[in-house]
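Listed next: structures, encoded as structure tokens.
First chain A sits with chain B, and in the next complex the same chain sits with chain C.
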Partner chain A sequence: MHISNGIIDGPVAAIFAALALAALTACVLRGRRDLDDRLAPMAGLVAAFIFAVQMLNFPIFTAGVSGHLLGGALAAMLVGPWVGALCVAVVLVVQALIFGDGGVAMLGLNITNMALLGTAAAYALIALLLRVLPRTRAGLAVTAFVAATVSVVVASQGFVFEYWLGGTTDLGNNLGGLAGTMAAVHLLIGIGEGLITATTVLTVAKVRPDLVYALRSLRAPAAPAVPVAGGVR
Partner chain B sequence: MGAGHGHVLYRESDSPVHRLPPEVKIVAMVVFTVAVVATPREAFWAFGAYAVLVAVVAALARVGPRWLLSRALIELPFVLFAVALPFLGSGDRVEVLGLRLSEDGLHGAWNIVAKGTLGVLASLLLAATTTTRDLIVGLDRLHCPQVLTQIATFMLRYLDVLVGEARRMRVARISRGDDPRFLWQLRGFAAGIGALFLRAFERGERVYLAMLSRGYTGRMPAVWQGEGAASTGQWLVAATVPVLAASIAATAVVLS
Partner chain C sequence: MKNRSWAFLAGGLLVALLLAGVVSNYASSHPDGLDSSLLKGCTVDADDNIVGGSCPAQQARDHELADSPLADYGVRGVRNSFVSTGLSGVLGVLVTFAIGAGGFWLLRRRGGTPTDGDATTPTEVHPATSDDVRRRADAAS
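== the complex of A and B ==
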């Protein structure tokens, strides 16, 4: 899913870099408010978790297209959309800088797809489904599963859109084929990601419901995300 | 948690490249990669020149070619994508070994392989010569927002813990008769991942509170920030690589 140097041409990469920078600035401004004493270690752990999980590829894809989990939905669920997008972005920046995973010049594209599109799609669905579905464990599981699955497919179509805008090789009529392949492969990945996200969120919600960001607004509609005042600062 | 300074790719050494401050290396690496990507793909000589630059820096950093090339295998998935391009691409077709391949697709494949490989090699060189701690300090000195460096610090700190914990849990599962293979491992894997997450979080939370009570404010101690910030001379020394790369790219653009 990581775009390597040379797959998308320079101007499009630059436009998306500017776009990603603007969006991340907004996330930093909003996320700073969210990042209280409880969320800070959680954000770090979510990022580490996504980093680790992105190293694990699904065995069925070893023979063909590479695919891995993205983690956008998990981040949106546990630390909210703003800090969540930042977590995924940090993972991508570190991967590009020192692991050579995804080109540095393509960072804007990768951040747009996986950190911004993936997390935004996931959070929109989470916000919607948590209101519509019954407030049970099953409802939470379905929410996490659907949000994760859809967010992965959306992120993969982000790549197809960018390729259509500025792919270095004109695929002609095969672009539809690329879109289909990406969607199909990432639907499978998305199902895997959905299962993992749902299980993780359920486990956390069972033991420490206070840690699930998406549930905060439902518990206390008056004051979501109260920063810890005084004390240890 | 005392060992967390290196990472799997770091190569302990005292070469001139290792001694450069991290922020200088990050900027040099990013500018180099952008120059490579901006080069027209038909300028084959330019990519040769970039490869020589990478080889010189690798020699200065005392990083062996075998180590570099085996770690560069990470880009294999992109190479697979590149292999498909000559078959999928549109436009003029050329005969190669009896196959009718798209000329544009062949160029595209070359473009991805050359630029991808150079980018991966550049980041591997940065990784081999910079500890993760230095990387964060470098990003901080480059005025990266504190929220991001804070998340990155925690991320790198807990990464080894998480990976080690996951490996132990997998070994534990295998030794209890599980046969983790193909899709059937997904359920056990996912069930374990929830437990792994909670265990790691509770540990992380305790460590974070301990850090707060010792005066952590979200930024690493000022001693780290001040010590060894880049001097003008070091900026100039490190600028040679990106400046050379940029001039190669400019020449290639003018000639094409």
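== the complex of A and C ==
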């Protein structure tokens, strides 16, 4: 879902670059609370994994169209929303600066859609669904799938909003057409995103449930204040 | 970190390297959802190049760093496309991990406030010390 140069005009791109920078700064400040000696390398792994899976464009039903993982929901499940948004942002920066994927001038727009909107939408759903769904593997899978699918559609509508503000082709009254096309295509891509996210989260939850942030922070019973000095188990 | 965490980290990286280094060659090369939505109004040939009509995608400009040695997920100078794509993927995973893990490590919270609701894994006040404690505990058990 990377926007190429020339698609959105310069001023709007610059505004979103400033917005994205401010939001990422907030993520750094808030995310530091989650980042401990254990989460930091795991967050690096999440970023590297998202980079890898983003290379794997899968075909969708519509002929001649592909999609790939965005990763916001996966990151939110595994390392939380703040660090998760930073993970996706790291991937997008590497792609723009080294792999020529997504214009450098468009980086703020791409970070807004995929790292910020996608992750935020996913986490809102994760927080809701983990509370209402049964605490089973199926509940976890449904949470991951739904959060991931919806996050992709939300991210696609972020682009439509940006295009409404600064698209370089005048669509006249046909912005609704773009919104509909984007939503429909990304619902299909979102199903792929949902399957990948659910599979990955279930795998991690099986091997190392303590490394799934959503399970730690949303499902842990109200913890007694344990004195932590020494870190002895 | 415990050995178990190192093993998980190594395993995860291996999976990422295999996906980016090998499986990436079987990825679809068709335009993604956004690019294809912007092609509406244009006709394209079998290689997805615009051959007629008018659509938003025609406004696209070249990437600032289109001459990057790794541009478009290939390594410049490597003829074999399988190797070129795979190698660029491997490099991308390693660079992303280095920047991500390095950056998050520098940002991490040091000192001891407990993580919210994390009863099973108390935050380590002195990581080195507690590792020593754990190693001794592991050795004893």
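Just so we're on the same page, the second predicted complex is superposed on the first by the 210 of 233 C-alpha atoms of A that agree within 3 Å, B and C clash if a C-alpha of one lies under 4 Å from a C-alpha of the other, contacts with A are read in each partner's own complex, and residues count from 1 in each chain.
The working rule: a contact is a pair of C-beta atoms (placed from the backbone, for glycine too) under 8 Å apart; a residue touches a chain by one contact, two chains touch by 3 or more.
Remember, it's a predicted structure, so these values are computed and weren't measured experimentally.
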Fit or clash between chain C and chain B when superposed on chain A: clash
Partner chain in contact with A:40 - chain B first, chain C second, else both or neither: both
First, second, both or neither for A:138, with chain B first and chain C second: neither
Which superposed partner A:156 touches (first chain B, second chain C, both, neither): second
Touched partner set for A:186, first chain B, second chain C, both or neither: second
Chain B versus chain C as contact partner of A:18, first or second or both or neither: neither
Which superposed partner A:4 touches (first chain B, second chain C, both, neither): both
Comparison of chain B and chain C by chain A residues contacted: C
Touched partner set for A:91, first chain B, second chain C, both or neither: both
First, second, both or neither for A:31, with chain B first and chain C second: both
Chain B versus chain C as contact partner of A:216, first or second or both or neither: second
Chain A positions touched by chain B in one structure and by chain C in the second: 4-7, 28, 31-32, 35, 37-38, 40-45, 47-49, 51-53, 55, 59-60, 64-66, 83, 86-87, 90-91, 93-94, 96-101, 103-105, 167-169, 171, 177-178, 207-208, 211, 232-233
Residue numbers on chain C that touch chain A, as the complex places them: 1, 4-5, 8-9, 12-13, 15-17, 19-20, 23-24, 26-38, 40, 44, 48, 55-66, 68, 70-73, 88-89, 92-105, 107-109, 112, 114-127, 129-130, 133-134, 137
Footprint of chain C on chain A - complex, ascending: 1-7, 28, 31-53, 55-60, 62, 64-68, 83, 86-87, 90-91, 93-101, 103-105, 156, 159, 163, 167-169, 171, 177-178, 181-182, 185-186, 188-189, 207-208, 210-211, 216-217, 220-226, 228-233
Residue ranges of chain A touching chain B (in the complex, touch as defined): 4-7, 10, 13, 28, 31-32, 35, 37-38, 40-45, 47-49, 51-53, 55, 59-60, 64-66, 83, 86-87, 89-91, 93-94, 96-101, 103-106, 167-174, 177-178, 192, 195-196, 199-200, 202-204, 207-208, 211, 232-233
Chain A-facing residues of chain B, complex: 7, 9, 26, 29-30, 33-34, 36-38, 41, 71-72, 74-78, 80-81, 85, 88-91, 102, 104-105, 107-109, 111-116, 118-124, 126-127, 130, 132, 135, 145, 147-148, 150-159, 161-163, 166, 181-183, 186-187, 189-191, 193-195, 197-198, 200-201, 204-205, 207-209, 212-213, 217-218
